[in-house]
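One chain, chain A, links the two complexes that follow: it is found with chain B in the first and with chain C in the second.
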Partner chain A sequence: MDIYRKKLSVIVLFLLPAFIIYFIFGVVPIVQSVYFSFFEWPGIFGVALKPVGFKNFINMVNYKEFWIAVKNVLIFTVLNIIIQIPIGYFLAILLSSFCKGYRFFKTVFFSSVVLPITATALLWKFIWGANENGLLNVLLTKIGLGELSAAWMLQPSTALLTVIIANAWCGLGYHMTIGFAAVTGISEDVLESAQIDGATGLRRIFLIIVPMIWESIRTSIVLVIIGSLKVFDIVFVMTEGGPNGITHVLSTLLYYEAFKYNNYGLGSAISVTIFALSIVMAIISLRLTRQKEL
Partner chain B sequence: MSSFFEKYNPITNSKARGKFLTYIFLSAFSIIALFPLYFVFISAFKKSSDIFLNPLAFPNTFNLDNFRRAWELGNISVYFRNSVIYTGVTLIVILLVSTFATYPLSRMKFRFQSVVFIFFISGMMIPIQSTIIPLSYTFGKIAKDNIPMIVLLFAAFQIPITIFLLNGFMKGIPVELEEAAIIDGCTHFEVFWKVIIPLSTPAIVTAAIFNFLSIWNNLLFPLVFISKKNLQVMSIGLLSFFAEMTSDYGGVMAAIVVAMVPPLLAYILLQEKVEKGLMAGSIKG
Partner chain C sequence: MGSTKKVTFTILSTILIISMLLSGCTSTKPTNQSEGSSKAAETAAETKAEEKVTIRIMTRYSGTDATTPILEAALKEFAVMYPYITVQNDSVNDEAAYNNKLKTDIATGSPPNFFYMPGVASNVEYAKNGLLMDITPLMEDKEFMDGFIPGMFETWNFEQYGVEGYYGIPFSIGVENFYYNKDLFAKAGIEQVPETMEDLYEVIDKLKAADIVPWEVGAKATWRTGHIHNFLMYKYLGVDMVKALGSRDAKWTDPEVVATLELLKDLKDRGAFQPNLEGEDYDTEKANFLSGKAAMVLNGSWFVGDVINSDIKDKIGMFPFPYFSDKPQFKDDVSVFPQGFYLSGKMTEAEKDATFKWVKFFCGKELQSKMVSEIQRLSARDDIKVDESKLSPLFLDVQNFVSTIKNPGGDSFDFDPLPSMQDRTRNSIIGMLLGNSAIEAAEEIQNEIDRSIQ
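Take a look at the complex of A and B:
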């Protein structure tokens, strides 16, 4: 049996296809991306890379748009935590009180998670009204609040918010599901004895349930942070970073700098920043999930 | 009978009242959550000029003109077909090479096994955006509009998480079944194909769902690597359709519905599997 389990030629043969694909198209590029950030490239095939030292990073930190993107990612993260997690977990707690019938509601809340973001983002464009027409404005006018209608996606004060709300709509069900698993995992005895001790309603939620599912809540928070750090699709489709670049996030800025304006050096510096930040977050998230399993 | 009413009367019984309020709240919230979907689904059947006149009204007739226009004139049929092919092929490649690699990682013994495993799964931390510049520098020329190449590029990102999902499950398969097959004289490949793969089906299905959604919904790779219109997939196709026919609201709504149906259908048919698949994939950084 041991000979069977240690046959090296078989081991190598089975590992090889995955290894080759992963190494060439995953590992090499990520190493290259760090290397690239010290070079300049005009985006024309055949033109050699020009070494520029730390210039790309210096340009990046002196670039106003970069700090706007950083600020937007921070706003994105904080608001998504504030919106998605309390609502998602509250729904989870409500759902967990059902023995039957929770399936329907769970399906409703989770369905937006599986949808293609491109499609969802376009749909939200119709709700906010990318052109003059928009569902929200039409409805406001119908109920006599026409003066409240606005060009939601075009005015600087609400442009980022429109994206954040659309994004929260996509992600809420996800955190509800994590929360649901955690809440239904609490043992009946604990909840019953809390009930006998007089912990009901909000006291029951905040003093008993929340502390017991704190680990899951932390994981959810980390997942929101990772997701916000990498958010691309929804911003790209909804606002394209506009109006005037005020809704750019790190990855849309990276895409525009590299592929629209051919600033590959600056783009690479931004890629490395995203990479470094996501590694930090991924390590934290692995720590947290491992803790949970133990 | 009166006791029945006492027991379930939300006005007098506080427990029933709690339940009643929960139902009301959840129903209200469901309406908010479903509202955007309701809007896009009904609008897909309306004339463009009617959509914003009475946005919430049910369509008078189920007019399929929008779908026909999007499908034929808007090229959605081509994008949809491409998405199905691209997603299908990528899924097969990912599952095939990942199950192959997970077999020695979980069932055999060799030096540096854990190092190799960590090497693979650390790829979960690679953000796809961070590789897009080097990839387009190195493979930009070869990969441009080259679907097999794009399949491999995307597969590289999904292999780590897939191995991670499969490994835990394959490790748990009891050795007896495998050893019986070995004694019967099965080769490694036969053991893998006839014993390990069938027994790993639940994990493979979970991984398949997670991968299906990631591939179908991916925007960045097609955006950078596909420029030919007849090779475009749904995600980009939707955008170009939207850009070309901005005033054809009905057509765009229909196209959005077409893009949403496959993932939605998968979820409705395989509810818990899909939830499990996405939860399991959450570790992907």
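Take a look at the complex of A and C:
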């Protein structure tokens, strides 16, 4: 069996089906999007593509809603990193210290990940609803804090935050699982030695555990960045980019421009922007989080 | 044990593959039933053996829509009348899902044979590119044509947009007016329904003083405030001025147009609506009004069905949207929403023939009479026969009101060729109600137009 594993032809043969699927459904659409971004097409079969050069990109940067979407997506990314990674990994470290019952809690925390996004979005819409339609407002009123109730999803100051919190709730369990695998992979000898040397409590966490699982944390950060840059479903179901476009992200803007307003060229330009931003931000985050050589 | 596992695995895999293959072979077809009118039986008997043809229809009449049973019954009856024609019903009720499906069909060059598409001026591009059929040949059938309310086809006369021909077939009309709770009006000491806007402001103040929500609006559905603004524009500027916005002879930033946005903002500021209306959905709006929590709603004739099925149906009356006393010339400019269907411009002769038969049946006198009788929805025809004693007084009031309309207009963006204007106008209105000024809202809308022109 080892002989077959080392043969290049066998390796290529087994990788080929996955590569073909990835190429057809991943690479080709990306290349096509770049191509279409230099044309105008009204979404009518039979109407030829009209070459417009960089006009779609120029229109895009002159479009006020585009910059709102860019700002929102950056805020979305940063806040999701700040919320999901520390809480997720904290839960992972906490659960790893449990001798019993950790499986139960792992399942509970992971359950938010397996729920369909549309169900999650509808659930959080119900929580954030305005007036007496919102669970949070009802709760605040019941505990005597009714003056704090608000139209959370309508106010410019809180509308995007409602979606970010819902999204973070979805992703926490995923990073907790990655973190748990990383933490439980640390050798017991290392942890015992550290304890003998006096590294306990927070020092143990920040000086021993975190550096040892840093590669997993970097991976989680990159995943959060890519996921946030291309987020669509939760925003679309919760707010549809509203009210009045204040919660638009790049993907929802792309959807509206291409599929509602028949500006397929502009939509393609936005998709190219998302792609480029994802690569740039992933590279920057990997460089910034690179551990120095000892 | 190993061989047992292999056999089990093989059997399960085979079952999975077969079931996947079989699931791809199913299709939805309407069932033929033996029931039907005597006319249907005669037509079936007379029909010669024809080449089988399948046509596809797409409407919003599915799920909980009141017209769904009418469509489903029509499909069954049509299948008996024309056994060689299969009507594939791809109707979807949800607006976003419907628009996605239709846009995909159009982009791939296979629009349904008979379908609903929102907007009017924004659909001219499709007509120019041959996706929509010019129905002028269909209009040569005098018996079919003579029964329509005069002028109904003019909505889809694209000559006004530079394309010759008629492209839509009217099916029903929706006309908007106020529905009000008589008991709540009496409780607030209001003896007469308002006729002018000044009267309406007084009514609002009296209802507020009596601690009653004057006007319930579920503005989360942005079309609710969009429709209010339609009326303010028609009563303040007239339908013709709104058409001028679409033809670019007027601008949204013109002072008189901005004034109509200010009127809507002023209604909110004076407390006409319930708090946080922007966060309330349409179903909650209807529920609150029909449970007696609010005095008025502005809604269409499609709302009559909900009213007559409610517990307070005997307490609900209607009155037209008031006019401005200094602008009586626009008193009869009213929001009317003719609903019609387009036909595909990409049909074979057999499909065209089958689709024409479907159109004459579905939009014909018999089915339209059934629609009015059973779900009390306004028909686009005036040759229908119904037993008026079985219709609710409220519906009859609405029907009578229709005859007073002199200058109908639909949504303001119906006259605009830009597909994005539906969302732009409605979203800017919401933004204004949430804190932007009227001029900011007007500028947002005008910028959208200017951007498209560049």
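Please note the rule applied: the second predicted complex is superposed on the first by the 244 of 294 C-alpha atoms of A that agree within 3 Å, B and C clash if a C-alpha of one lies under 4 Å from a C-alpha of the other, contacts with A are read in each partner's own complex, and residues count from 1 in each chain.
The rule we apply is simple: a residue touches a chain if its C-beta (ideal position, glycine included) is under 8 Å from a C-beta of that chain, and two chains touch if they have at least 3 such contacts.
Bear in mind that the values here come from a model prediction, so they are computed numbers and not experimental data.
Colleague: Touch test for A:Phe45: chain B only (first), chain C only (second), both, or neither?
Modeller: both
Colleague: For A:Lys7, decide between first (touching chain B), second (touching chain C), both and neither.
Modeller: Only chain B is touched by A:Lys7; chain C is not.
Colleague: When the two structures are overlaid on chain A, which partner does A:Gly245 contact: first (chain B), second (chain C), both, or neither?
Modeller: Second partner only, chain C.
Colleague: Could you tell me if A:Phe105 is touching chain B, chain C, both of them or neither one (first, second, both, neither)?
Modeller: After superposing on A, A:Phe105 lies in contact with chain B but is clear of chain C.
Colleague: After the superposition on A, what does A:Phe259 contact: first (chain B), second (chain C), both or neither?
Modeller: both
Colleague: Just to be sure I read the superposition right, which of the two partners does A:Leu154 touch: chain B = first, chain C = second, or both, or neither?
Modeller: Only chain C; A:Leu154 stays clear of chain B.
Colleague: Which holds for A:Val73: it touches chain B only (first), chain C only (second), both, or neither?
Modeller: neither
Colleague: Of the partners chain B and chain C, which touch A:Ile213 in the superposed model: first, second, both, neither?
Modeller: Neither chain B nor chain C is touched by A:Ile213.
Colleague: Considering only touches as defined above, state whether A:Ser268 meets chain B (first), chain C (second), both or neither.
Modeller: Touch status of A:Ser268: first partner only.
Colleague: Decide which partner touches more residues of chain A, taking chain B and chain C as the two options.
Modeller: Greater contact footprint in residues on chain A: B.
Colleague: Residue by residue on chain A, keep only those touching chain B in one complex and chain C in the other, then list them.
Modeller: In chain A, positions 45, 131, 133-134, 259 sit in both the chain B and chain C interfaces.
Colleague: Inside the complex, what are the residues of chain A that reach chain C?
Modeller: Result: residues 42-47, 59, 62-64, 129-131, 133-134, 151, 153-156, 242-246, 256, 259-262 of chain A touch chain C.
Colleague: Spell out the part of chain C that touches chain A in their complex, as residue ranges.
Modeller: On the chain C side, the touching residues are 99-100, 103, 106-110, 125-126, 129-131, 222, 274-276, 278-280, 284, 418-420, 423, 427-428, 430-431, 434-436, 447, 451, 454.
Colleague: Under the touch definition given earlier, write down the residues of chain B that touch chain A in their complex.
Modeller: 18-19, 22, 25-26, 29-30, 33-34, 36-37, 39-40, 43, 51-52, 55-56, 93, 96-98, 100-101, 103-105, 107-110, 116, 120, 123-141, 152-153, 155-157, 159-160, 163, 179, 182, 188, 192, 213, 216-217, 219-220, 223-224, 234-236, 238-239, 242, 246, 249, 252-253, 256, 259-260, 263-264, 266-268, 271, 274-275, 278-279, 282-283, 285
Colleague: Once bound in the complex, which stretches of chain A touch chain B?
Modeller: 1-2, 4-8, 10-11, 14-15, 17-19, 21-22, 24-30, 32-33, 36, 41, 45, 91, 94-95, 97-98, 103, 105, 107-120, 122-124, 126-127, 131, 133-135, 138-139, 169, 172-174, 177-178, 181, 219, 223, 226, 229-230, 232-233, 236-237, 251, 254-255, 258-259, 264, 267-268, 271-272, 274-275, 278-279, 281-283, 285-286, 289
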